[in-house]
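Below, subunit A partners subunit B and then partners subunit C, in two separate complexes.
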Partner chain A sequence: MITQWFFTHVDRRGGIAIALLVAIAFLVPLSNLLLPETSPLHIPTYLVSLIGKYLTYALLAVALDLVWGFCGILSLGHGAFFALGGYAMGMYLMRQIGPRGVYADPVLPDFMVFLNWKELPWFWHGFDNFWFAALMVVLVPGALAFGFGWLAFRSRVTGVYLSIITQALTYALLLAFFRNDMGFGGNNGLTDFKDILGFNIQAGTTRSMLFAATALFLALAVFVSSFIIRSKLGKVLVGVRDAESRMRFLGYRVDRYKLFVWTISAMMAGIAGALYVPQVGIINPSEFEPANSIEAVIWVAVGGRGTIIGPIIGAVLVNFGKTYFTAAFPEIWLFALGALFIIVTLFLPKGILGLYGSWRTKLADRAARKKDSAPPPVAAENVHLPEPQAAE
Partner chain B sequence: MRLNRLLSVFILMLGFCCHIAQSNAQTVDDATLRPLVQALAGDNFENTTKAISDLVKTGDPRVSKILDALSAGDLYVAKADKTVFLGKRDGSDYAATDPLTGTKLDPVPRSSAEKIKVNNRLRRDIAAAIGGLTLMSDNIAERRSAAEAILKTRDPESIPLLDQAIAAEKDAGVKVLMQQAKAAAVLNSDAADDVKIAAITEVSAGNSRDALGLLTPLENVQGPVGEAAKAAIDSINTKLAFWNAIQNVVYGLSLGSVLLLAAIGLAITFGVMGVINMAHGEMVMIGAYTTFVVQQIIRTSAPGLFDYSLLIALPAAFLVSGGIGVVIERGIIRFLYGRPLETLLATWGISLVLQQAIRSWFGASNVQVGNPSWMAGSFDLGLITLTWSRLWIIVFALSVFAILQLVLKKTMLGLRMRAVTQNRRMASSMGIRTPWVDALTFGLGSGIAGIAGVALSQIDNVSPNLGQGYIIDSFMVVVFGGVGNLWGTLVGAMSLGIANKFLEPFAGAVLGKIVVLVLIILFIQKRPRGLFALKGRAIEA
Partner chain C sequence: MKAQDTLLYLDGVSVSFDGFRAINNLSLVLQAGEMRAIIGPNGAGKTTMMDIITGKTKPDAGDVYFNGEVDLTRHDEAEIALLGIGRKFQKPTVFESHTVEDNLVLALSGPRSAFSALFHKQSANEAERIEDILYTIRLNGKRDWLAANLSHGQKQWLEIGMLLAQDPKLLLVDEPVAGMTDAETAETAKLLREIAKTRSVLVVEHDMHFVRELDVKVTCLHEGSVLAEGSLDFVSNDQRVIEVYLGR
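Showing the complex of A and B:
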């Protein structure tokens, strides 16, 4: 019965993706922890963390795709929600350092002692508790997104204007978090973490568990996205994407639908950030850089906007490329990334998955013509996805 | 002054060489000076202080050298005859010189001479005294700095000297400064109230910030002096606040001009094509690098033309950036019509490529772009000092704006551009070749960005990241000002510039910028299409 409920809400691809993610959530840690290092199937810890990082990016991309691919809201500020989630987690990790910091203050993190602060600012209270911090990971980005979206969608700020003000949002946060007075460590950010939930954050076991958590959360995000998209609400969202005014004339409160999916997406991004921070060991204001948010958009575009698993493929591929290029040919990376932006928008408007889809359609077409029988079959992939059109 | 000491001094006056007195200064004959110099070797500091002030009162130019030596501890007194001499250690002796005439004396064994002691208070007195003495100098810069020194020390002792100097002074500017200094000294002395009140009037006429420093200590004095000081402080504060506001406005206008230059090209492309060109900042950057290249060529082949380098760079930058713009439009953007958000991504990609190209070509670090002589320096306007570059950039931005308005309003291209902005399909039906209008618009917008780059190369570091610093601000200007109307861009740029400068003193530069960003975000909610929005159905595509 559960499987039936599951499959009414997830399509075949989504199901495969979830199954795969759950599988690697178990297999990768097992391989890392149980297999001897000499085994060809052993995955070293650094690789576990690296893939874990890619998966948090993938989670961010899924969140972004939910608003851009399915609702036509191009956010150039999703990095802000990601970073806010990361800061919430970072604050928890900072509090866990306790007296082991350089200045050995039992309560204050090092940078506050350095700034000669006498007591913890009010917004740092409660972050010594993991569950409070975990709540903040979703609440803070969610609240910001809700407030921002409530204002923006109600006044019908759309298209390029919306993209620009989301960029302004992350830029303003970037400037704010760079300030030492903000109480978030200024441009050094938060780092030197020791442990999470009592486990040493550097240990291989912890790393594997973080990886497993990331993969499972990503699977959950895929499920939630599919659930939303396949519900009636999802149809309305696609309608908003393709013809916003028409949906409004049909009597739908477009702003509420947008606000809902926007807030959910921001919360997902926050979770992605929270999983990212313990795996890379640092969070600093550069995560708010507008360029980061735009890069996240290209992950979605490469994989295929408006598909559930495209963003995951895009995020992993692009970041793998980034890791490879920045190490092997650092001067070429920006050329490659820039060219990727241009090529994808020009030639692959539906991303890799779209390419795959049209390739299959073509094959099916040719087969049908050869047989010279019934009319060509409809491309199954595109049934629930009308052509992405101009978002304006 | 015992007679024998005097006598010995006269005996020692051998080989008197005439000290060429400085024309402006009065020379006192040695017979008068000698006992005063001897008095420096007094038994206690008080006597020495008195001797110093006596010496200073003579106004003789040699005094400053003697006092210098005293302050440096080079002035000695012989134990036997109490002669004061300038000594330098030379083995077990002091090589001695006469302090007044500069003639060499017989070496004095170290054991039979004693250094004239000075303490810190004396050194301070000496420093002030020397300051007073140079009031009589021949050199106008020295006199000016002496007057400024007294304005700082406010030593009442220097009043008579200042009186002399004021009487002798011919340069009007220095004279005013000296009168200020005298007034300051009077305020610091125990002169009568009416004298002080006159001095307050004198002081408050001068540099307001200095005057504030002089008057504040008097504010709490009882009686008419205190009241006069308080009134003067109030009026100075009002004046300062006024000029401060003017300075904020001018700085804001110059920041706004920078924003205007950076944003105006963006506004044109956005207005006509509905595309935010993310590579716009890189067009600015390329304009700045064009300036660099032009200057390099001029440096190597025609150094005399350097002052005209910017004028040569302007058309060059317009053509280079504009050409690249046309290529980008023809090569990439025209395939993305009707998909504004994807154009945004593609142009972002272009910006990355251009940045990296410039980085590979010219290196990642800043390149040196020189300022022509007419951009350097500054001038005073009332109580504020403005640099010429600041003024020029305002003039330049406004001229670009005016020229662009002319192009839009008076040329065929402008007419077509406006038609396409208002209703693309209708314009197309009327026979306007919209693709060409798009290409030329994009070229024009990019070319103007290049021109902006020439201007920005004068006030900012020219590096591959130059454009990144301006792109977000330019977006803000465009969305704030609204599309399809350049006046919106002008008003938007200037109000953002001025708002930034007025917020800075209260909130600091960074917080001020954050506040402006948040205000824009909120403003967009109120007017989703900016300040000057085009009305009509064409917009709601």
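Showing the complex of A and C:
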């Protein structure tokens, strides 16, 4: 019965992706912890953390695809939600350090002692509790997205203008978080974490558990996205993407639909950031860098927007490429990334997964035409994305 | 005349775009259950009039009332749609990456909130209504087709089907037979006459054969106001109508 419920909300491709993610959530830690280091199947801890980091990027990409691929909202500021989730987690990790900091203050993090602060700012209270911090990981990005979206969507800001203000949003936060008196560690950000939920953050077991948590959250995000997209709400979103004003004339409050998916997406991005921070060991204002948000757009474009799974592939591939190139040929990475984006835009408008999709559609179409019948029914997510057109 | 007891009431409506008066002191009244054909040269303001009725464009002056009491100038597109005014666009606008059936599902009257849409399950009643409409618009064999793959005429029909699914009191239909074959045009006239038995319809159309087949009162617009109104024969014998429109 549960399987039946599951498959009414997820298609075959989504089901496979979820199964794979759950499998690696178990297998990668097992391989890292149980196999001897000499075994060819042993995955070293540094690699576990590296792939874990890629999967947090993949989670960000899935969140971005939800709004861009399915609702046509091109966010150039999703890195801001990612970073805010990261800061919420970072604040928890800072408070876990306790008296083990350099200045050994039992309450104040080192940077506050250094700045001669006498007490904890009000917004740092509660972050010693993991569950409070976990709540903030989704609430803070969610609330910001809700407020921002409420203003933007109600006044019908769309297209390039919306993209520009999302970029401005992340840039404004970048400048704010650089300031020492904001109380988030300024330029240096938050780092030197010791433990999470009582476990040493450097330990192999902790790293493996963080990896498993990331893979499972990514699987959950695939499920939630599929659930949304396959519901009637998802059909409304695709309708908004393709012909927004037509949707209004059918009686839909387009702004509320956008606000819903935008807020959900920001929360997903926040969770991605929260999983990222303990695995890389630092969060600083550079995470708000506008370029980060643009890179996330490239991952989605490369993998295939409007496909849910494509962005995961895109994020992992591009970041493997980045890790390799920045080590081997550091000077050409940015050119390679730019070239990749141009190639994808020109030749692979539907991304890697779209290429596979259109190849399958073509085969099916040929088969159908042989039988002299209808063009094949195709699921909405496999279809070309017509440029947004205003209904006259 | 008073707005009471009318379905649609426009009085002294004007709207300008950058100083150009697209609608100029326009008055028009539609009774409940009536079908009306609107003719007039390109740029007469026919589409703009529909924009005003459906809340897309706010008039600079004048009254627009629905059902004798609802001031349409105070509502936006979604609210007006929910009041029971459906619209078919001049350029067929269906959702191309959705199937024919999903286009109808989206249009089907019912709750419109995001929450209800997220957990929506199709009821037997809804399935039946979709079945009926697919049959009416002669697309029952193509329910799983992507709307993008339909012919131009079929898209027009799908859009009419979406209107029916909305179950409006008043249908605004902008140039429904543009680009249709003669056979399709005749079928469409039949379909609209059928629809007009149970609701009010405002049709904009250039095709005089089509307008004749509708066999209803005709209003001719010119430069944003009414030039002549009456039976088709009466209007088409009007000297000014011949000058600005028919005689060209």
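Just so we're on the same page, the second predicted complex is superposed on the first by the 361 of 392 C-alpha atoms of A that agree within 3 Å, B and C clash if a C-alpha of one lies under 4 Å from a C-alpha of the other, contacts with A are read in each partner's own complex, and residues count from 1 in each chain.
Operating definition for what follows: contacts are C-beta pairs under 8 Å (C-beta built on N, C-alpha and C of every residue); 3 or more make two chains touch, one makes a residue touch a chain.
Note that the structure is a prediction, hence the values are computed from the model and not measured.
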Using the touch definition from the top, say if A:Ser155 reaches subunit B (first), subunit C (second), both or neither. first
After lining up the shared chain so the two structures overlap, which partner does A:Pro290 touch, if you call subunit B first and subunit C second: first, second, both or neither? first
First (subunit B), second (subunit C), both or neither touched by A:Leu175: first
Touching partner for A:Leu74 - first (subunit B), second (subunit C), both, neither: first
Using the superposition described at the top, determine whether subunit B or subunit C touches more residues of subunit A. B
Between subunit B (first) and subunit C (second), which, if any, makes contact with A:Glu331: first, second, both or neither? first
Using the touch definition from the top, say if A:Gln167 reaches subunit B (first), subunit C (second), both or neither. first
Once the structures are superposed on A, label A:Ser245 by its partner contacts, choosing first (subunit B), second (subunit C), both or neither. both
Across the two complexes, what residues of subunit A are contacted by subunit B and by subunit C? 245, 391-392
Using the touch rule from the top, collect the residues of subunit A that touch subunit C in their complex. 228, 231-233, 235-236, 238-239, 242-243, 245-254, 256-257, 260, 374-375, 377-378, 380, 383-386, 389, 391-392
Subunit C residues touching subunit A - in the complex, by the definition given at the top: 47, 54, 56, 76-78, 81-82, 86-87, 89-91, 93, 95-99, 102, 105-107, 112-114, 117-120, 141-142, 144-146, 148-149, 162, 166
So in the complex, the part of subunit A that touches subunit B is made up of which residues? 74, 148, 151-152, 154-161, 163-165, 167-169, 171-172, 175-176, 178-179, 245, 290-291, 294, 297-298, 301, 331, 334-335, 337-342, 344-346, 349, 390-392
Given the complex, residues on subunit B that touch subunit A span 270, 274-276, 278, 332, 335-336, 338-346, 348-357, 359-360, 468, 472, 475-476, 479, 510-511, 513-514, 517-518, 520-522, 524-526, 528-529, 540-541
